[in-house]
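Dumping the structure here so I can ask a few things about it.
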Amino acid sequence: MNIGIRINITTLLHIVEALGILSFACSGFIEARRKDMDIVGVFTVAFITAFGGGTLRDLLLDRRPLFWVEHHEYTLMVFIVALVATPILPHLRSGLSEKIIIIADTVGLGVFSVAGTSLAVDAGMPVFVCVMMGVITGIFGGVLRDVICNEIPLVFRRGHLYATCSFAGCWTFLVLDWLPVSQAVAVGSSVFVTCALRYLSVRFDLKLPG
Amino acid sequence: MNIGIRINITTLLHIVEALGILSFACSGFIEARRKDMDIVGVFTVAFITAFGGGTLRDLLLDRRPLFWVEHHEYTLMVFIVALVATPILPHLRSGLSEKIIIIADTVGLGVFSVAGTSLAVDAGMPVFVCVMMGVITGIFGGVLRDVICNEIPLVFRRGHLYATCSFAGCWTFLVLDWLPVSQAVAVGSSVFVTCALRYLSVRFDLKLPG
Amino acid sequence: MNIGIRINITTLLHIVEALGILSFACSGFIEARRKDMDIVGVFTVAFITAFGGGTLRDLLLDRRPLFWVEHHEYTLMVFIVALVATPILPHLRSGLSEKIIIIADTVGLGVFSVAGTSLAVDAGMPVFVCVMMGVITGIFGGVLRDVICNEIPLVFRRGHLYATCSFAGCWTFLVLDWLPVSQAVAVGSSVFVTCALRYLSVRFDLKLPG
């Protein structure tokens, strides 16, 4: 009779994925506002940040329909959030929006990395390629955001660990997925490792050498 | 006996499409000249501006052969136009070339938007995705042009309506395509709506809020 | 009994391809170092420079698995080289690293151009598209490197011949491939023409008009 308390892994993944998409959309949103774009630009940059990494992964793995075509409620969600957030965001203090962007981005990074790795495993890719697909899914939304906003991508500039966290999270998933533990544990641990490493890096100012 | 005056819709679409490609190629051409590129750069930027939006759409919809491989006479056309235009364009007054770029770009936007929407409808995409494919086909040639020329894409900067016109044109096509009117009318109305809205925006200085 | 001295064309092509990948990776590497990126950025830019052109070609031709998924030892090779080169490269005099970058880039350009053309021929593309796929494979790694490093792509700026050399090399392959000569000769001549033209351009300061 544990059917009521059994956590449905698919539903859980969907909720977490939606959270990741919203997080990335917000970071694109704030960056586009900074560049003084109009509402179309703001929505497009939010969209590209949220769906860019996953779209590139789907193109590379030749997955169709693309994940945002299959779940087109996500695109609608980003659209509505962009409309709602437009009048609110400018009134936040810049320190607060800075903090929100970092937290949202970290959750998105963790979720997208494990999603990319898991899909590449399902597609039968070799291990090293699975990790790369995870990292690509995690970081390329932000890379495309920065390229369109005419900046050197944040993730490549010398700063706190970022892609490295994604890298560690992807390997965590692969190892746990190979061990006899449930998928939910593997996914959860991977997201946790990515987020924890990112938190430690920001908290204790850890950086990679040049 | 109206066979003589019946307009062949496929031929019409081909002519209009060729016009759109040339328009976008010219805008890429002029932008590359401004950045002082050599002839290879000028041709490549013209090519990317003309075919970038459609190529991205074909990649996302997984359509092969790509439209410029299927109609490779278009690529030859852009190549020849780039050769012919090179010695002529520098002698135009900058005000005139500015005007030509705006008109050419508007026609290209209208044509490419409706072409993208229509192909997505044929591919059985959901309505919201059809509109996005139309807008992507319409604006991404210009976005790629600006990214390569190291500018924040014109279409996202606060200025006259642009992607919004494409958006309106795509919806016009979808609504008319659903009503019992001929495809020619649906296509023509869509291009007209896009161009008219763009004209009104430039004429009366209409802009979106930030 | 000439089995011992017969040159195995497939093995030869693999060696030359690996050389091209390493060359491009080095050029990405040096550019990323100049932009003061951390090790993740350096590796990613090296990777994109080495595999970007071929990946774009594979996406456009719809070839799967991608060439770096099929030969994922290449990605590992780039990864190891990036680790090894990190402590060595900063100690090279900048004049020397400048020279290495130009030579490496030239070899990579020649190899990738002929590889792209040859694959497009195998895919049954029309002649003009084959040449374009060769040029895209040859130059787009560098274009993506420069876009990510927030520069106008080197290849489009007025300078020594570059894409033009690739263009000449692609045509050389197509003509020799059509004549009754062996593939090895066609490939070798194409790489030679690209490299020789590039050398002459740098040596005698040949440039294209604007």
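Order of writing sets the labels: A, B and C. Residues in every chain begin at 1.
Note that in this section a residue touches a chain if its C-beta (ideal position, glycine included) is under 8 Å from a C-beta of that chain, and two chains touch if they have at least 3 such contacts.
Because the structure is a prediction, the values reported are computed rather than measured.
K.L.:
What topology does the chain touch graph have (line, ring, star, complete, other)?
P.N.:
Shape = complete; every chain linked to every other.
K.L.:
Write the angle of the rotation needed to overlay chain B on chain C, where the fit uses Cα atoms and the result is rounded to the nearest 5°.
P.N.:
So the angle, rounded to a multiple of 5, is 120 degrees.
K.L.:
Compute the distance, rounded to whole Å, between the mean C-alpha positions of chain A and chain B.
P.N.:
Inter-chain centre distance comes to 32 Å.
K.L.:
Check each residue of chain A and list the ones that touch at least two other chains.
P.N.:
As it turns out, chain A has residues touching two or more other chains at 59, 62, 147, 150.
K.L.:
Of all residues in chain B, which touch chain C in the complex?
P.N.:
So the residues of chain B touching chain C come out as 32-33, 35-42, 44-45, 55, 59, 62, 64, 66, 69, 72, 75-76, 86, 147-150.
K.L.:
Which of the residues in chain B come into contact with chain A in the complex?
P.N.:
By the definition above, chain B touches chain A via 59-60, 62, 125-126, 128-129, 132, 143, 147, 150-153, 155-159, 162-164, 167, 207-210.
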